[in-house]
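So that we are looking at the same thing, I have put the structure below in structure tokens.
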Amino acid sequence: MKQEIVITGFGGQGIVLAGRVLGNAAAIGDNRESTLIQSYGPESRGGACSAQVIISDTMIHYPYIRSSDVLVAMSQSGYEKYIPQLKADGMLLYDQDLVKPLAGVQGKYAVPATRLAEELGRKMMANIIMIGFITSVTQVVTLEAARNTVAESVPKGTEKMNLEAFGKGYDFGLSRLKGLEKKASGKTGAI
Amino acid sequence: MDYWRVPLDAAEIEVTKGIVHILDERCKGCGYCIEYCPKKILKFSSAFNKKGYHPPILTGTSDCVNCHYCEIICPEFAIYSVEA
Amino acid sequence: MAEKRKSPVPQSVQQSTKQPEIKQDKKPDHPLDDLIRTDRIPHIWCPGCGIGTVFSSCLSAIKVSCPDLNKVSMVSGIGCSGRAAGYIKLDSFHTTHGRAIPFATGLKLAKPDMSVIVFSGDGDLFAIGGNHFIHAARRNMDLTVICVNNLNYGMTGGQAAATTPHMAKSTTSVLGNPEDPFNLPLLAYGAGATYVARWTILHTRDLTESISEAIGRKGFSFIEVLAPCPINYGRRNKEKSLDSLKMYQEKGIIKNGADPATVDLDFEKGIILGTFVNREKPTFYEKYMKINGIE
Amino acid sequence: MSKAVLTGTHYMTGDVACAEGALAAGCRFFGGYPITPATEVAEHMSERLPEVGGIFIQMEDEIAAVGSVLGASWGGVKSMTATSGPGFSLMMENIGLGVVTETPCVIVNVQRGGPSTGLPTQCAQGDMMQAKWGSHGDYEIIALAPCSPQEIFYLTITAFNLSETYRLPVLIMTDEIVGHMSEKVTIPDAKEIVTLNRVAPKGRKDQFKPFKPGPKGVAPMPAAGDGYKVHVTGLTHDEKGYPVMTVDTQHEMMNRLTGKIQNNLDDILMDERFMLDDADFVIVSYGVSSRTGYAAVEELRSMGIKAGMFRLITVWPFPGSAIRELAERVKGFITVEINLGQIHHEVERHAAGKAPAVLVGHTGGTIIPPEDVILAVQKMIKEGV
Amino acid sequence: MSKAVLTGTHYMTGDVACAEGALAAGCRFFGGYPITPATEVAEHMSERLPEVGGIFIQMEDEIAAVGSVLGASWGGVKSMTATSGPGFSLMMENIGLGVVTETPCVIVNVQRGGPSTGLPTQCAQGDMMQAKWGSHGDYEIIALAPCSPQEIFYLTITAFNLSETYRLPVLIMTDEIVGHMSEKVTIPDAKEIVTLNRVAPKGRKDQFKPFKPGPKGVAPMPAAGDGYKVHVTGLTHDEKGYPVMTVDTQHEMMNRLTGKIQNNLDDILMDERFMLDDADFVIVSYGVSSRTGYAAVEELRSMGIKAGMFRLITVWPFPGSAIRELAERVKGFITVEINLGQIHHEVERHAAGKAPAVLVGHTGGTIIPPEDVILAVQKMIKEGV
Amino acid sequence: MAEKRKSPVPQSVQQSTKQPEIKQDKKPDHPLDDLIRTDRIPHIWCPGCGIGTVFSSCLSAIKVSCPDLNKVSMVSGIGCSGRAAGYIKLDSFHTTHGRAIPFATGLKLAKPDMSVIVFSGDGDLFAIGGNHFIHAARRNMDLTVICVNNLNYGMTGGQAAATTPHMAKSTTSVLGNPEDPFNLPLLAYGAGATYVARWTILHTRDLTESISEAIGRKGFSFIEVLAPCPINYGRRNKEKSLDSLKMYQEKGIIKNGADPATVDLDFEKGIILGTFVNREKPTFYEKYMKINGIE
Amino acid sequence: MKQEIVITGFGGQGIVLAGRVLGNAAAIGDNRESTLIQSYGPESRGGACSAQVIISDTMIHYPYIRSSDVLVAMSQSGYEKYIPQLKADGMLLYDQDLVKPLAGVQGKYAVPATRLAEELGRKMMANIIMIGFITSVTQVVTLEAARNTVAESVPKGTEKMNLEAFGKGYDFGLSRLKGLEKKASGKTGAI
Amino acid sequence: MDYWRVPLDAAEIEVTKGIVHILDERCKGCGYCIEYCPKKILKFSSAFNKKGYHPPILTGTSDCVNCHYCEIICPEFAIYSVEA
């Protein structure tokens, strides 16, 4: 099995860290193969930035994603750049205050990650919330692996805070899924 | 905190009245203009601009004295004043 | 391969604040817009980065001191500060890391009536570029050199520079910088600079005047400008950009004419600012022309 | 567990894996200068070296960085620096000094888009010929090209081993993708890691000749302070190390310097061959581009085309004889590299018309998609080779 | 008589002839740094430039020298520097900047024995590949190799003309022998000397794009101060000169930079063919080694062997197609150069097995005797090619 | 081709003066021969060249201050002065032009208990190598840097250097040097050097003491030594080697502790000599070890 | 016709200048072809130094001399290095105070150039004396060409002095030739 | 001319007597030892050494005081003094 996840946003949002947590969780926590590619521009802040994470049970050769299973968008421009390569049955996860997806896009999951982070008092933790959200919505990594990796990846002393943020995102995801299930069951059973 | 060189510029400051212009989309919300406006007439808007920053708006409490300090301290060419 | 979606029509996000009323009926140009490549704005500098203020001050100075804008040019090296050359709407040259001064030297000698401003970072001018700096100072090459001193290498992510305070944190000195920084005005003076000044971005008017003065005079002029790099230096040293400005305000002591040997940066005791050196000496070009009997 | 060897499985970038490889190899001095995308090697070394009692120093530029590395190596310490294109260009003069003075050290080039400042945060493989020819005069050099963080870890150890064995700067020519890519890296027990050290001189100190070839054509090497009172110069010198500016001395010195590499190719050349035995079409590649190559080979095989991969691990010295042998039996070479044709030229030269050689290149900023390789092979087939 | 053009016949060294050629070409700026055996170029320029109102400046190092040359060129002045191996290595980074910013200038390398400090006062041709590959990233460059003081005079003018026409640094790759050799040099009337200048832009200044190819694929070039307010950067940039760090912009820029050379080979490639029409054995050489070549050809012909000479005047871009054409009909190539095989590799690559290619090389310090060439040809004949 | 003669057996020319009688029954070794690679003597330096005297003085200093000769090494750059490394019978490194200091930095950090002496020329250390010099001074790298200042590039035939007096003649300034020279002690001080001295070859005993002092102390020590280059500088400036020595004698003024800003070389008014700076400061290595808690 | 002349000595003796005067005289004064190659070591003074001058009526390709017609030796070591390549019928000119040729060498012409120069008060002019001597003894260049070239090649203001030195060498050569003629006639007519 | 620091070294100078050794073949005839010997007991020999220089010889007029100045000023390691 192979999952290809693109996370995209601005420099300064912690996009690469989010990718690294996912990749790390998959590789070390879940003992699978995982390749993370980061791409960014010359800007330290505000430039386009993305992380491409491939998670697989077999060796990964070509490290770029040309067709993604999951797109996580934390900026409108990132969304616009990467949405064309999202598979038809792929999932779009996005920060609902920063990205306005096209009306017709299917399989989309919104989370107010930045707003939630601001509520937690740390705008910087939007990415951790997003990781929680990804974990529950996509299940590309196990909860345990993701939690452990978050704890290991953040600066010492901030573990609790970050795990809380992670939990918030995770739970938000669960409830979104429930909501969708309801919706879906009201529709035809397909997400 | 007060404008750090009030005594020096104070005289001039009183001379004219100004209108301040804010180019929202250029602003990155550093707050320098807000912090160092001698008249304290600027504050962060609650809204975001496209890049997700909160540009300054006028508090409306007092008048701009066209001292240009916001203009010259702004790293973004996002604010300037002209004579009223 | 899975079927792909068509790219959606870009749709801008409706989040901007409303324009403040007072602005509505005015033209939206910033007074410096004629000197800026507005098609490249916003620039790449981070929120709170002091480079923009230094750059703006430099443009203001050019505006007042250069009647003919075709006779001004800017040369930068590589770094966040070095990006300035890319935003000024004048002949402008973004060269290689550390090599702005030699390039500017050639340009100036080829165009002796042009004001050549070197605008670059502390790393560019004093780490890799230190040799060119001291030699241009020695020769009294007629250049205005503006150094944005943000105490680190901003562009590459916050490594220690030749200006990083002893014990400060950086990505290459996580436990504290073992090195001492240069006293830049002293180095400049020791190398032969004929004009040496230091300001901070908070002292914007003085800075602008100083740059004007430097552009207006003949000879090698050096202006160090303290400016925050909140993202790299500030973050690691628990100094937000407004903290830096406050420090400049509280610790800044203007002492024009201070002996350069006494102006080491000491952020505890006080940051000595001012014009430290301003002496007349013929420039390289003047001496070259005279000795060789040209003109 | 030794502090220098982080035994275990980690998820790390190529840059960090490179630094860990160096530490495991015994590197205890790093003289650096930051540059994207190699900065993380320096940053990691700056944190880790003090933990093992080593020295990290950030020099004033890349010229000084490599200068300090040569000095530290003569101080008896395994030493290293890391840079990218612009810094690599600046290092050229002192790399030549390292070659001529037979100074072991490792120089990492995490390649980015060039020329000049180019694309600082994006990948390329445009400095491959520079690695061989960038310093003035003739010389042989060893350059290795890893294709993953795991491999960069091992190859950094190998690089140190080769540099100590053959007394010369060894280059690791990696790229932005491999440097910034995170993958699983397994670090074995310290005792499983083979580290080689320069051979210490024996015999009378006053008669020792620091440039007189011993076994493998390489002279033993003392450190400063060992009592051998060596003289080391970048001028043409005799076996004693004394400058002797004659045609004959130059000839002898050059033979020593090139001979120690050319006569030990068996030991130095490393490659990986994938589905090569029965291959009609040989994809020649290295570094990140070889990952495109592997993907293409699998795809081509699935299409029934007998493709195989010849992955260069040692890029310099170039394995000309392997290409010449292959040329006798294959239908074509396809060199895949992110440049306008560098190693391709070597392939073409050694193929010598016996089999056609084409380039699948790229101007940089991204990696090459497998489709380009597949198309190139299909074109070769169509054109009836 | 113009002070810049010393019309008449003189006995001068190659270095001095090079300086006189530069002056005749209109060079009015020299930024230098002394180094044997190129120092005399700088020394002569330091005396002569003031006589024609030009500027000589001795910079603090070679990096600064070439930096100042690029700056002066953007100031609208034809500019030049001269160096030898160690300095050439240091110039590499800024040569890349010159290429990418399309800055006309001339850089002279009077080659000496390398690598490293090597043989400072003795000859070699060991920097030929460095001329093409010494700076990081891919690029095309023009390099010319004169074989006498008279030729260096003319080729320096040509170098300026090419650099102005194609907007790039042009390299003169000469060597210690030619640089220090004295011979008769005839300098024509100023009016007989063709000097070309960069094309000045036309049209609206605010819409001018300083990197948008015009005729020959080369953009017109304004000087600083002309009112075009250009931006010039070593980053990947678009036609306007603005940094745009995308794969597409990189691709376009690289195509521009390489295209302007590769699409004008007819104009750029220069060679001399001596007894080549019916030749079985082609001696390929350049610079001082070609003088060995000529002597060998004459000797071989006198022995009844059909030898001919293909002398490269333009070494880079390499005249591959000429070699490919020759390979179809000749019995062998013998490349004669004072190195361990550099241009030889290009000959070999383009000969592509159609005709054998051998090297008559040398490690440096002296020139190659004709006998070596004759022996090589005899060996080829014996081995039955 | 014409027949050639066989090489005749070399036959030495009988021109040497007879040995003075007093020498006959003594061993012919010079007291410094144990520190010299006598198999390379005579050295390449010209008659009257001052480098040999500085070198000899350096050897004498090593002799008195270094009990263990395995703990001393010399690093040179390229130039006539840079050839010193080739004559000292110690571990010695003749590097690239201008790069002796970075090499020495690495060597010193790898061998912290070794005295590392950098011996090189003014061009090497201050033209191409200027940046390394100022940074090593700033870091207070524990090196002894001896600069033979012969006011020009000797090895390449007498071009102007960063030390050539204004208006002096050189092969690249035939009508007079348009540039001003560095005031080397001031530059060194301005960069952070903790020991700065200047002597001439005539002040040999002071020089030797100064070198001993520098080797004996911790930190970056810089000693400028004025020495004639009669062949290149002297010839073009009408100064024979004995004239130079006479000038040193007549114009030399010893002023220990003089403010470095006042010691510009002025061959008319007076050449100020002495130890100008001698201050204590922890070295890079000491600070590095401390910050990182090593040992 | 082709003449190949090697001049050898120490750095500082003006060897290269001597070569340049000859070459220049031949090329410009006598309008022939002439190639001068200089070789020297790293030393400014005292190192081995030589000038190789080829003078020819046709184009000169290979610029090195492998077999010389004339060897001018101003140092013993230079003499020893280059004597093997002097043609059997070649001429050896040497400074008699600095060079002691092998007893058996034929065709040798001694001049005390350095001593004569010292007598003229300028040791530095030994090379100019030697040029005069070469001119008269070997006639590789015409007297007029040599004289003019000397005058042009020396620093302004020193022309007279140098021409005097040249004349001294030239005359010394003439008298040597006369002496040899006498000797020769006393023997068998061959030099 | 007299030795430039006679007053300073004079005391020591009188203490001992010395023997001066000259390594002729190393000498390049710069004359430093001759010029600066405080006792003026050296002069150029009239003979050449192999390289064509005139090394110093003793004048014989006075005694060496073993001050070593010739030794330390000599750039060639060609002269030194030892205690008599």
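By written order: A, B, C, D, E, F, G and H. Residues from 1 in each chain.
Basically, a residue touches a chain if its C-beta (ideal position, glycine included) is under 8 Å from a C-beta of that chain, and two chains touch if they have at least 3 such contacts.
Computed from a predicted model, the values in this text were never measured in an experiment.
Chains D-E form the pair joined by the most contacting C-beta pairs. Among the other chains, the CA centroid farthest from that of chain H is the one of A. Centres computed as Cα averages put chain C at a distance of 38 Å from chain E.
In this assembly, the C-alpha centroid of chain A lies 86 Å from the C-alpha centroid of chain H. The mean-CA centres of chain A and chain F are about 63 angstrom from one another, to the nearest whole unit. Shared interface positions of chain D, i.e. residues touching 2 or more other chains, are given as 50, 60-61, 63, 86, 93, 97, 116-117, 120-122, 233-235, 245, 366.
Of all residues in chain B, those touching 2 or more other chains are 28, 48, 51-52, listed in ascending order. In chain A, the residues that reach two or more other chains under the touch definition are 41-42, 46, 66, 97-98.
By the touch criterion given at the top, residues 19-20, 23-24, 27-28, 33-42, 60-64, 66 of chain G touch chain E in their complex. Listed in rising order, the residues of chain H touching chain F in the complex are 1, 4, 19-26, 28-32, 35-36, 45-55, 57-58, 69, 71-78, 80, 82. Against chain A, the residues of chain D that register as touching in their complex are 9-11, 120-122, 177, 180-184, 288, 291-292, 294-295, 298, 366-367, 369-370.
Contacts from chain F toward chain E in the complex involve residues 78, 94, 96-98, 127-128, 130, 153, 155-157, 159-160, 162, 171-175. Listed in rising order, the residues of chain F touching chain D in the complex are 37, 40, 70-71, 73, 75, 78, 85-86, 89-96, 99, 101-111, 114, 131-132, 135, 284, 288, 292-294.
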